[in-house]
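What follows is a group of structures, each given as structure tokens.
In the two assemblies presented below, subunit A is common to both, partnered first by subunit B and then by subunit C.
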Partner chain A sequence: MILQVLKTQFGGALESAQKVGRELRLRVGPQTLVSLARACKQLGFTYPADITAVDTGAELRLVYRLVSFAAGQQIVITVGAPRSGARLPTLADLYHGAEWTEREVYDLFGVTFDGHPDLRRILLTDDWEGHPLLKSSPPPAARAGARPAPPPVAPVRDLTQTLTPTERVVLNMGPQHPSTHGVLRLELTLEGEVVVGCRPIIGYLHRGVEKIGEARTYPQLLPYTDRLDYLSSASNNLAYVQAVEKLMGLEVPERAQYLRVILLELNRIASHLLFVSTFANDLAATTVFLYGLREREYVMDLFELWAGARLTQSWIRVGGVPADLPDGFLEKARQFCHLLPGRLDEYDRLLTGNRIFRVRTEGIGILPPEEAVDYACSGPTLRGSGVRYDVRRAEPYEAYPRLDFEVVTAPTCDCMGRYLVRMGELRQSLRILRQCLDQLPAGEVMAKVPRLLRPPAGEAYGRVESPRGDFGCFVVSDGGPQPVRVRFRAPSFFHLAALPRMLLGWKIGDVVAILGSIDVVLGEVDR
Partner chain B sequence: MIPLPALGPYQSLLAWWQARNWPEWILHFIWMLLMAALVTAFLLLTVLILVWLERKVSGDIQSRVGPNRVGGRFGLLQTAADALKLLMKEDLIPAGADRAVFLLAPFLVFVPSLLIYLVLPFSDRWLVKDLNLGVLFVIAVSAFPMIGLIMAGWASNSKYALLGALRAAAQTLSYEIPLVLAVVCVVVAAGSLRVGDIIQAQRGGHWFILRFPLQFAFLIYFITALAEVNRVPFDLPEAESELVAGYHVEYSGMRFAFFVLAEYAHIFFVAAFCATLFFGAWEGPWLPPALWFLIKSYALVLAIMWIRWTLPRLRIDQLMAFAWKALVPAGLVVVMLTAARVAWS
Partner chain C sequence: MSGEPKPSTRAGLVCDVIARLPGGNIVLTTVDRVLNWGRASSLWYLTYGLACCAIEMMCTAASRYDLDRFGLFFRGTPRQSDLMFVSGTVTKKMAPVLRQLYQQMADPKYVIAHGGCACAGGPFHDSYFTVQGVDQLVPVDIYITGCPPRPEALIDGIFRLQEKIGRESICPSARRGLMHVAPRSNGRHSSESKQIPEERRSRKVTSLRERR
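Now for the complex of A and B:
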């Protein structure tokens, strides 16, 4: 239907158009891009899921991925561009969420976006030479030691001599700060305690995973994905594995699907528990911090029992899971399901009803629903703004269609809303976990997978609801043992782009609360 | 008014001294030096205990163990070991700091915290100096560390420290007023600013906490005391998750230790003073008065710690609004009620 509308509207301008699963794949020239995107937005594709590029060796292909929540479909627009000196019109004035993704494409591929409000490097330092994701750029190891000497440190400015009473102060919050949850730097402009400007500066943890991925075989790349969103390694694993399985047309055994869901939901519980902990800690409720970690420890023990690793499990492999549950796992998991609800009630008593906690979170950091979608926010950040969208429901995967759970939302659009969504999801995850433990079918845990993975040429997109939101992985294969391009779409990256929108006008204490409420993991932001 | 018999030992010593025809001022000087040494020793010991206690209490609240290695299985010597470590640390002064002010600030914070112990009635026979204006002295001197905090924040040449100092100034100024109002209630009820008289007025179990409307004065005093000593939910000047450490972020080693020392000294003082104002100081059955005084003080200290490890932190504007819109009007009302009650009876 949508395809028909677009075909009649654009006719010959569409170089190719086909429907693959939920994706409408369109290819157009650069001159039609903006009008096509505008038409898509009018058709309900308001969520700019991702913008990235692929260097095929012959040309640069820009891939725009737009999602419609109502239609449950994706439009993938491919635009060809020359490999060097490419110029394209920007979509940043159409979609807020395009601003940072276009910056990233500029940074890593050297594509210039005309009309972009703030086209600077984002993941790499300003003095970096070249654009690393071009195939002509040497791999990271070859560049070691090639960096020029850092510029001399500027002399310390003597505040006591120069600060006048009315001056705005630029405060660097991070990269070493107890509440930035990693190596994030917020360049805050303050008027007294009030934030009047905010510029998130990222890239401190950039490891070039996407570049490394082009030099690894498919199984070799899997452990790298654990280290993206390190608080929920299973969802990263799954997004990547899903893309590879789609390329190879693999069917995963039912038991493996359930086991994967168990792993995913345990990861979600661990991650959300850490969220509650750190969020409380940011607001100085130190005790809840330790309570949350205490409960998370049970989950970590479960992981250790099953996968050996506690944090980076790498336990979702192409074709299934590498090993069945060990003895005693089910009992321990059931015990945990029995234990956690009481503990969650305890958090509720300590935090949710606490007056100080409420005045610190209610009405703070408002993100209206339309803007949340426009910034491509997802997960609890989106649902905290009252938008009922969950990839587990919208594009179900694994055993989720057979499981009964609610998509938790909160209408308040504030820090409290985002916190309540996560508290609700903890309970829903427990519900899913219980169902999985009860329904767990017998059978194989691994599909028949060839020794050497050589997915046929093509592209695929894996999409997972991670604890932070819509985690995507875009894999392009040329039929060889190594991917041509791997792209990870990290939800926190988009949430950080929306952070200045939420922060302006609030106070320093709120910065901590708002940043805590979107629960960023810098491992996936910087990749 | 019956004077507190705190100077009892001094009186008998004086008689002996005068029998030898020695000038009195020498004895007085020696006596005062001795008192200063005793108070300092008491204070250092108290801080040592409080830091250890805080770690143990927080450990207990947070379902963990707390210090359990240094000094036996209860980690009794942990604080002493930490103090030793701080002594050996390098004394860092940041580039661009205002040297003289930076170096002076910790002492300006610490000395007033020590001074206020002069009027603390440790027992019925033990009070260094029962000043006529004892309560006024406490209020005046305990507001003094604020200057040290501002100096520390300003001289550090760090924005976090500066923000912390500004918060400290705003907060201490605002909470000083309801604090004074709460204390005024007690002063009105006792009819004197002398600590001895306040205790005297509560003798025989007529503690002020039991007398309407001084319960409300106690509440106001306790809340503002939390703010005075920068404890959660009012720990904004040093808010770790926001300002990293606030005004003392650039301090290290012994100078940092002086801030901690002053903070815990102040915590014990507000608890002990609260016991004096509302709980009859050292009065109690069976046990010796000094022990009663410590029991009451430590109970209040524990309450302060309990709050610290339970509640989240307010935001700066909410904190100010709470002081000016809630505590100050409430304090005024309680003062009027107290005055009315005293006038009637």
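Now for the complex of A and C:
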């Protein structure tokens, strides 16, 4: 239907148009890009999920991914561009969420976007030369032999040079700061105590995982996905594995699907417990920090019992899970399900009704729902603004269609709303976990997978609901044992792009609360 | 102490004088023990979590694997810290910040490279943007490998650091013979001090003099 509308509207300008699964794949030239994107937005594709590029050797393929919540579909627009000196029109005035993603494509591929409000490097240092994700850049190379010379260490820029003789002060928060949840740097412009400007600077944890992915085989890349959003490794694993399984047309056995959901929900519980702990710690409720991490240790015990690792399990592999549940796991998991609700009530008593906590979070950091969608926010950040969108319901995967759970939202659009969504999700995750433990079917845990993974040529996108939001993995294969391009769409990247919008006008003490409430993990932001 | 060059610092001169007095060595070693006990029992560390290892560091400091019982407590500012846990991958963008923080810490200061990435680059050893090991930027006292290392491994590393601090001395000329790495040998402690070869020493163990 939507395809027909677009075909009649654009006719010959569409070089190719086809429907593959949930995706409408369109290919156009650069001159049609903006009008096509505008038409898509009017048709309801208001969520700019991702903008990335693939260097196919012959050309640079720009891939724009737009999602419609109502239609439950994705439009994938591909535009070809030359490998060097490419210039394309920007979509930043159409979608706020395009600003940072276009900056990243400029940084890593060298594509210039005409009309972009602030086109500069985002992940790499400002004085970096070259664009690493182009195939002409050197591949990852272990430097054998003598240790290389240490990099020249330039002094950190002295921010007092930017002081103008008024009351406005530029305050640098981070990249080392107890409350920035990782290596994030915020350049805050303050007038007295009020934030009048904010520039988040990321890239301090950019490890080049996407470039490393091009030099690893498919199974070798899997442990790297754990280290992206390191608080919930299983969701990253699953997004990547989903993409590879789509390419290979693999069917995962039912027991494996349930086991994956158990692992995913345990990861969600662990991540949200850490959120509650660190959020409370930032607001000086240190007791809840210690209590939350105490509960989280039980989840770590379950991971250790099953997968052998506490944090980065790498336990979702192509085809299923590597091994079945060990003896005693079901019993321990059920004990945990009995234990946690009482503890969650304890946190409610300590935090949710606490007057200090309420004053510091209610009404603070408002993100209106339309802007949240325009910035491509997802997960609790989006649901805390009242938008009922959850990838587990919109594009169901694994055993979720057979499970009964609520999508928790909050209408208030503030920090308290986002906190309440996560507290609600903790209880919903327990509900899902109990159902899985009861309904677990017998069967195989791993499909028949060839020893050497060589997915056929093509591209696929795996999408999961991580505790942070919509985590996606875009894999382009040419039939070989190593991927041509691996792209990780991280929800926290888009949330940080929306952060200035949420911070302006609030006091410096609120910055900590707002940043804590969106629960970013810099590992997935910087990759 | 014949054959030793004349000490250049005031502390060195004072120690030399005391050492020549009858019973002077006992005074010096007792002072050493007290100072080392104080430093090792109260290591306040800088929260310098970079990546995944930071989460394990937080878990180690939290309820179950409580670090506070060993005297370790986190401080947000380098000015009040003795110890820097470099937990996670160091990137080229972060490198100058790490150096600046290390320089802002007051002596005596120690660095623990926590996790594979901080030791030698970890899984990202061939990336264009990572620093292969934090010892390219700051001198490291203890390396704890793992990805991420278990909290018990981190605590073990802290114990080894405390043992290393126990081998320090305020007397400069006594330090040279003391820098050996005594292997953990099930309770039997080797009593001879082994001089390790020059190449290994500059890589693995940093003497107090080199760090200044």
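General remarks:
Methods note: the second predicted complex is superposed on the first by the 500 of 527 C-alpha atoms of A that agree within 3 Å, B and C clash if a C-alpha of one lies under 4 Å from a C-alpha of the other, contacts with A are read in each partner's own complex, and residues count from 1 in each chain.
Everything below uses one rule, namely that a contact is a pair of C-beta atoms (placed from the backbone, for glycine too) under 8 Å apart; a residue touches a chain by one contact, two chains touch by 3 or more.
None of these values were measured; they are calculated from a predicted model.
When both complexes are overlaid on chain A, the residue A:223 reaches subunit C alone and has no touch with subunit B. Once the two complexes are overlaid on the shared chain, A:212 sits against subunit C while remaining clear of subunit B. When the shared chain is aligned, subunit C comes close enough to touch A:203, but subunit B does not. Judged by the touch definition given at the top, the superposed model places A:383 against neither subunit B nor subunit C. With both complexes placed on chain A, subunit A has more residues touched by C than by the other of subunit B and subunit C.
In the superposed model, A:468 makes contact with neither subunit B nor subunit C.
Of the two partner chains, neither subunit B nor subunit C is touched by A:487.
Of the two partner chains placed by the overlay, subunit B and subunit C both lie in contact with A:291.
Legend: residue contacts after superposition of the two complexes on their common chain; A:268 is shown touching neither subunit B nor subunit C. When the two complexes are overlaid on their common chain A, residue A:422 makes contact with neither subunit B nor subunit C.
Touching of subunit A by both subunit B and subunit C, each in its own complex, is seen for residues 156, 177-178, 290-291, 294. Note for the complex: subunit C touches subunit A at residues 46-52, 54-56, 58-59, 62-64, 74, 76, 88-89, 91-97, 99-101, 123-133, 136-137, 147-148, 150. Those residues of subunit B that touch subunit A in the complex are listed here as 58, 61-64, 94-96, 98, 154-155, 157-160, 162-163, 167, 232-233, 235-236, 239-244, 309-318.
Contact residues on subunit A toward subunit B in their complex (touch as defined above): 156-160, 163, 169, 171, 177-179, 193, 280-287, 290-291, 294, 350-351, 354, 356-357, 359-360, 507-512. Contact residues on subunit A toward subunit C in their complex (touch as defined above): 124-125, 132, 137-138, 140-143, 147-148, 150-151, 153-156, 175-178, 182-183, 203-209, 211-212, 215, 223-224, 226-227, 230-231, 274, 277, 289-291, 293-294, 296-297, 300, 310-312, 522-523, 526.
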